[in-house]
């Protein structure tokens, strides 16, 4: 690799960093949950366009039928209006109407491989702490949206994405190949990745890089690859029967609650599997409105998991069969809505090795790869697609702990983000992320198959 | 009515009675359960033929597809062989091969209406008492067939049928019209009537008379009409899945036991009904053969009942839906075999009045009609068919108690027969039955619409 | 009876009627649901006191432990505050704090029997129609409380109670004995009667009279007695387990939803009963809050009914056993809160005859008594108590239909009140009620055992 | 070790081998299932006594309360009588009356450690093939007991035990220490080991050796240690309710079948576990005898398994809770009978190394130890007890395949024995077993802590 690359990166970063932190705080302040990231996404799109990227948004990057776990149309509409009022970009908002909040920026720069980077942009349904000890409060960037908060660091991911966009733009002369920056909505609940994959945004991509800020890992430490995510599929079930006066004409009803109770028991009774662990949970049930009325409607909120995608899919199919039969049993109809899905995936070993070399060359402290995450992450959907088309993918953990209470090893809650009202990360980590990801990207484009320059 | 009729009857009965009692004891000794009454039926057929009746047997009087609750083919074959060894009539046995054990004898005697009489002929799966205090033992006619016993008086019904056959044959000159004597198999479990009805044996019948010996009612007392039977449908269910090693590969099984358990709970949870009482019971379940094997086969023995046929049918249909869905839920197949069915029916009021008059004219003590039997009896299938085709039907209770312990009112267990190993009835009752039924029959043929001669 | 009594009644009624209608409209306008009738009850109490009645309120007339189906303490408090703002009577409000909204007024007048009259005062959780065709709207007395409406005529009952209170007060010279006017809260949901009975308000009462305005029955028509109410017991169930991460540590949870689903199936599977109809319904279930969390809390809203109190109680006890065992099965705790209860009861025949005579003497058109109501009404709790202590009780239907669409016979929905947003009754019926009830009361006190003066 | 030991062994084996094979064939011919091994056990005891062993039998070696999965007392009695007729030893049969079919022989020989060897002696409930291609048929030693067959090689184990007994007896001069030969009944179903452990037969034992003939492993190959057995607990459940006429008085019943169905569903719905795999299976259910009778009795045959004993025990406790609550729910009683139990256990590594050295010194082909058996074996109960008291235990696999179809690695079915009607093993393996086990035993007694002489 051209030895001037790192020098250039290190020159540019100090210029970019303040904006990157400002972006992070702006996104944090205007936190937007999955499929309603209108302000965030439209402003990202505008910025990419300004930087000279070829920008795609809306239905061209989010395939409608595979968006999962959408809020109600009314809710989406409300947030779209809100985004206008909060200085979302009007031009791009137009394309996002209806909740198509993904953004892809492409920078084509001569011949060479194609490298993608993914940044998730959504916040969580968490009410941010109002305590003055919580830094976003004391420094004035706490969420102004009640009940919505960036409690998993995606504000930082999005800001890093914009920082890298600018950096790559200024380093065009040193890059040969194509960069694809993928800003993904609705990672929480593993709802958004599939719709971008299905829209074809990864077609032709050779290398795909994801990263996640890790609050359980010290700034300056790097996990060079993560895998072993549990596969998961989330489903909402609606069972629809017919009401009847329970005292007067019980036989006239079609009892959605009996169907639901039967489904619940039998879902939990699905057999364990020889090939590895499986999980099933009905997390919620809500049925009926009266006391003396046969319930005509029941709603289940459920999830299956598996040690592998095959196990998870097998459980899912059995679950569907149980639900449909339980409804039929009581003369009811059932509808199953997929609310999220992520397979299991592994970081490509060659790419992990490459990350190790690059990180070491930057003086980062490199930890062991994580191979048994157990939790879920929908970047796996992108990793799998890339690997299926012959490419390589990696998900990198970037230490970002500001708690002072370092944990010996990065535990699950750290990986997933605390999802708590006092979550915060060390903004210094953004610089580490940008430095590692940019050098890795340029290096891969420069020498796709080779060993990294040490 | 010809005043000489009763005189003639009273002349003939003393001649016939000893044979009738001998027949009863013969049938009792060679007790045969439903669909295996080969010896009984073939000997009845032979006798009817000898008496000049036009005799139909076999498939022409038992429609194959509607025979319910059949024993296994092997069992039927064994009993057919046995009947040969026990002096069944070879000619008629031939026609009954495979378990077609109904017999119909027709006596056509000039113009006039058609009157049917039904006699059920089957025994029960009860082991007869060997106590010397039990009269069939002390008098030498206890069942020689282990585990099979006439514990509900059908031996008496069949013998009365033969007695009447002879009586009518000798009174031909006094009869104008057609007599149809229907000897029905498999009344226990309400399995046989429908197949005779569906074979058309009641076509063209204007009046239909059934009777039952009542051990809770004193000899000499008559219940002139019975109705309000509960409708019932009996079903055997087979659920077929796939076995698997429960420890090694539980997911490879299709668990027939889980399907069955789900069916059981949901069958019992079927809603009650505005229009009257309903019942459902799963009386037996048998599933699985090992401990560590997913059960691949489950069998349920069940029954539904209803205050009316409509209620019963509605429960039955819902039960089928539950069973099929429960099987589907666990990837299993299900087969439902109808094992018995009887509707509810009422004795025709005009005919009840007629019975009252005739019985009073004979000096019988006439009790109130019974209108809320609650139990089941498949003569209702015949009553309904007759009433649907515009005729009249009645089921008459004939007091036959020899217990000395008279019950104030005929309770249910008396009506159904005690079904116990010490059941016995007063043979004197046969004479009362013959006298009443013959006079009623001749009177109805003579004056189908009129008031009975007092 | 003193022949001047009716004359006096007919002189007083025209004076009282306008106030009675004004009261009815005032109560309608300030509709208050069960256990929050603070304004209604406190103003009734004030009026009774002004009229010279001995007034009891608060805990002395509503026994705390047997109040059923209470709103939350916060809700009760809010309504208590509201009643202050809406001109509730401050003195009596004080005694009612916490939701003790019954009122009893006693008028002792020399020696003689004690006669009680019961008036229920609560409204329903129904949003009143805003259509101008709805008379309360066009005439300006529609409910000003959103979601609460007098849709079952209890405003009329309460107003009739006040009208009678004044009438009896002015007729003291013609009365010998004691009158007890019972204004009962929370009849809807059959929640209030028992707490007044248990507080002893019926102690020493010889005759007890209830009445209900009937919108399916024409004004001027009287149903002289009603009975055959279905017995009912309402229950809310809370099942409390322990949450756990469903993917990570499913075994750590105690699954309240599995317990609830098991309870639901087995409650519906409770056996039918020989002695008459029974009903059970789980009308609502709500459990869980997350998707991937073992639900630690489930709530069921259920009801049992029976053709008799014994059947209902038997079902209730079995239901409790099922619920407790289902909770135990999954290591959970369960709490059952009784939310309402009413037995079955019959109007005393002697009293019904008395009502017939009185009504006929007044020129009312007297219909047949209703003996198979099927629905529930908690006046039965009072009827039973009175009959147990040797007295007589009757519930009278007062025709009040203004629909023009007369139904041939009073059907159930008419008896129960339409419970719809456009419910209304004919205010002329109040006069009929006052006339009948007052003459009946004076007559009974005058000649408790005799035949009415005709 | 005294170099003459192996020489002596190799001199003695050819003398002993023919008797050993004769014993094996005798045991095979008179195959006896668990707790009915009267003939086998009494003849073993006699032989040990003759060889000079100190023999214990009956209740002193099988603790009554911890015998699991016993046949009925009648069945046990029948087999005891049979054993008399088949030349069982009368003296020892006396002590075994009631099904106490364990035998322990002790050979004390001066100071030194105590070493135990365990031989299981029971056959399976399998009908032996009658095909002439099946060697036991063609060579005339097929089982003469219908439905009982040595289909898992325990006949070979027992014969090896007797062979070793003679060998040790003849080598007394070369042994210093105590040998304890444990002949265990009822290994199939993991029912017998615990009762011997609880009777104290392993008290003071320092080394414990088990072995199993492996039909999937070639003769001459040795698996030097086996572990990772799944823990298992087997249970039979009896639920006792009360019968009732399902049509007439359904409410009078206490429905054991509803209780059982509820238990089945909830047993299968028990949560999966974070710490490893768990299994639960209800393999059989049998309930009810009639169609129209509420079933008063239900029987479940079930089993739980776990990757560790702790997981298994946790599942078992939860299962008991489910069963008891399901019975209580329907007013029934429940009884749980433990029918078998085995923990998980590992072969002691030091002892595995010792086996490796000895086996290699004998020219055996030594395979890898098996650490993930997955199936169950109740020798684990003995291994655990020995390890708890500070000793070492090992279970050794002895190649005995005569199928010609060598499997690359010993799979589970091979370890467990095929349990099929055509099972057979290579009798040459008995010599390998005797040679290995005897040298190992003498070596351990000689040098309990040291490295084996190579």
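Of note:
Going in written order, the chains are labelled A, B, C and D, and every chain counts its residues from 1.
Keep in mind that, in the parts below, contacts are C-beta pairs under 8 Å (C-beta built on N, C-alpha and C of every residue); 3 or more make two chains touch, one makes a residue touch a chain.
The shown structure was predicted, so the numbers you read here are calculated from the model rather than taken from an experiment.
If you compare A-B with B-C, the chain pair joined by more contacting C-beta pairs is A-B.
Farthest from chain D, judged by the mean position of CA atoms in each chain, is C. Distance between chain B and chain D, defined via averaged C-alpha coordinates, is recorded as 55 Å.
Chain centres here are Cα averages; for chain B and chain C they lie 53 Å apart. Distance between chain A and chain B, defined via averaged C-alpha coordinates, is recorded as 71 Å. Among all residues of chain D, those that touch two or more other chains are 248, 250, 255, 258, 262, 265-266, 268-269, 271-272, 279, 294. Contacts from chain A toward chain D in the complex involve residues 265-266, 268-269, 271-272, 277-279. Those residues of chain A that touch chain B in the shared complex are 248-253, 255, 258, 262, 265-266, 269, 271-275, 294, 314, 321-322, 325-326, 328-331. Contact residues of chain A toward chain C in the complex are 230, 232, 234, 246-248, 250, 255, 257-258, 260-262, 264-265, 268, 279, 281-295, 298, 301-303, 305, 339, 374-375, 412.
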